């Protein structure tokens, strides 16, 4: 039972400069904290609440930036894909392809991601039970790619709110044997909660992160930004970069206790 | 306030012969009942619970069959699309492009469907509130295509079950001014309810259909099959063809009462 | 299959005069519409959101008023009981004892109500599945009182909202053989939705009533008031008395269609 | 921020001998672990799923047993009350009166409990939002009794299942300033999940306990039994006594980390 790792970064790639700054800052924190880090950012927010919302720099512009982050900073990268054709395009420059929650049942997308040989992180759909994720994982592993991560990011609970069922973490881990990640920033989303945009409850990121780490997870997914209230997407649920290291420090302390029992 | 129309057919296109037989049978029923009919069938079940499940004949094989149904039977056709590239391919041979519920927030797919000029039927995501669908519709209408239908097909309610909130029907209609359809066969799905496949509660199709018609809808979406228990998908929730006409007859009687008030 | 009956009245007994006026007004409507009527009102709102809220005239003051309504107007009466000791006290002056939803699993209260020999209307708890109500009913029928009604009034759905699952109406009816009532005014409550008080969505009373009648019910429970916005409780979800008769007329038209099929 | 305390014991008082044995065993564990303990047991299970189920020894028989546990073992005791009249009866022999979740909105019961001057532990209703509990607490504190505990025990989530929303723990604590307890054995109940009885998921008691302690709570409520599978109630969710001490030891380790930050 390895210590927790991190998947972290800003929700969307805003520019080359911003991406490199954020990646460098997170790399420093990870080095100081002795924690594994995968840099996460989206080249395209393909499912915004409103068609008017900012979507990111796009696939073409993002590819060289991912390459640069890996080359210059030595950080592994993760990004999400929305159509099967994206998979082969991004695979050369990222280490993990991520399947968005809404798309976690799209067989062609899962197979295209599997075919790249890259690790695939599947977000659990807000509409799925934890025990249904083994069928999702099997679509990828059955295609010959065993490098699958499963990420919990909240379940539909009435309207415009998600709930995090902590029972789902061990259920997914035990049924699949795969690493399970807890996404603490999307789990506090309030879908459609601000009318034409999703709201969020940043104040509960630490609450839910602590709970997940205490239950036992392979890693955490936390979006962060130097100024979340001015971020183009997911601002209400991102953690301010200035608070990130202290948060991670506390989570590592809990993780050390929990992983000590499993040793 | 027009009488209810029907979107009906078997869940997936199993073969040319099966498709033509089902379409002819439904056309006869619709003619006897004096009800508008759009023939629905899927060329690809792209999001089955299990990767091993049957997906349908595929896009290439389906195109001439849709053309034949329209030409020989004069029936308008509807099919669902899963990637943006499908839209232009199917638009020449169908009258309505359908956006699956899981994909109702995928901006590129909505825009590609809008660009065909065909009517677009968007299924409401199981994870969405009724009042969030106006943003979905606006992605299509804002692209210059006003021919949008919105379809209710159940909302996540705990695990492996959906619930049909009848308040959502007038909410969507009033907020958008668009025709609202009630999908009575997917609303009784039990996602993942049979382990590696979705279950369903066929016995409640009439219950929920009656409720929706009494509330007031533009139409009903009902999948039907001559032998649902042997159908390759959605068997547990499809209505046996032999019971279809009697069901429609009862729903028309309710609709006549309700639409009489609105006249 | 008898036509629908009504359980109707103001949420709480505000005064003798108000109770008699409301009862007389409802009696006139029921006579004009040819519909069975049970007059409902509460002598004590024992579970208000806030301890500061008005609770009603109380048990002692209410007893002679119920007696007067029955004697002068010939209307059967229903009221809710909160502790076992209430049952024997109110039984002489009312025809139906009602068990509140929160209390539907309290065995002693159910048994005390059963022991009066009066009909007992049990509201289904917001936390119960429809198929669990047969155990509730069996507590009463097993005590020798077969005169039980079951009332659907919404199910918890996330926070501060209820959803009405129309499948529950036939489930309860078929599993118990008992009359099933749909409570259209509490089903649109928003518990705690106004901070220190429950909110409500009066605009959906007709939506849900129509749905329930189309599915098939023995009766409807609808609270009404001549001026809901000034009522001491449940104002946001009560139907204005001035709109009551038109609503009932529409529901009777639907019911006639549905009960015609079952004949 | 004090270390966590325990409310623990068997679901129901089965006999004087059983109660004394369990209390003595738990006292020994608490002494070894240096943790505060309140002994919990019910004299009457007043809301069983089925009317046929065992209800416990009853109020009269229980009173001297509570007195004996307090006198001989020096353990504070907690029991639940179901009608206002119970409060004065049990107050002389217990230290904490508990309001069951279904009854948490019953004003008279809350006031009667408040009037005893004993501490009052209110279970949060499965149908209530965390932010609605401040109104419940205010009914007691407003009556002059500030000694209130609030206990989370799961929220309705679809049918026959509860979910534990960990955000509710800090919400209740911050809004009321009162100690918040996490009930780990009722949170894994499956109401009605075994047909005529509630089921339970004992395997998740530790999962949810760890999560709650990591979030930060004043105490844990855990029912335990030397042979849960033969217990007359709540067997599926009680923790075997033989596993209790190891569980508490792990929870204390997490609590020490968390309370260390708050110091």
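Here the chain labels run A, B, C and D in written order, and each chain numbers its own residues starting at 1.
The working rule: contacts are C-beta pairs under 8 Å (C-beta built on N, C-alpha and C of every residue); 3 or more make two chains touch, one makes a residue touch a chain.
Please read these numbers as outputs of a predicted model, since none were measured by experiment.
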item: Fraction-based call for chain D against chain A, same above half, different below; value: same
item: Chain centre separation in whole Å, for chain C relative to chain A (CA means); value: 48
item: Gap in Å, rounded to a whole number, between the CA centres of chain C and chain B; value: 37
item: Whole-Å gap between the CA centroids of chain A and chain B; value: 33
item: Contacts with 2+ other chains: residues of chain D; value: 155, 157, 159
item: Overall pattern in which the protein chains touch one another (line/ring/star/complete/other); value: complete
item: Footprint of chain B on chain A - complex, ascending; value: 46-51, 55, 82-84, 102-103, 105-108, 110-111, 125-129, 131-132, 135, 138-139, 142-143, 155-156, 159-160, 191-192, 196
item: Residues of chain A touching chain C in the complex; value: 157-159, 161
item: Touching residues (chain side chain C, partner chain B) in the complex; value: 155, 157, 163-167, 169-170, 188, 201, 204, 207-208, 210-216, 250, 253-254, 257-258, 261
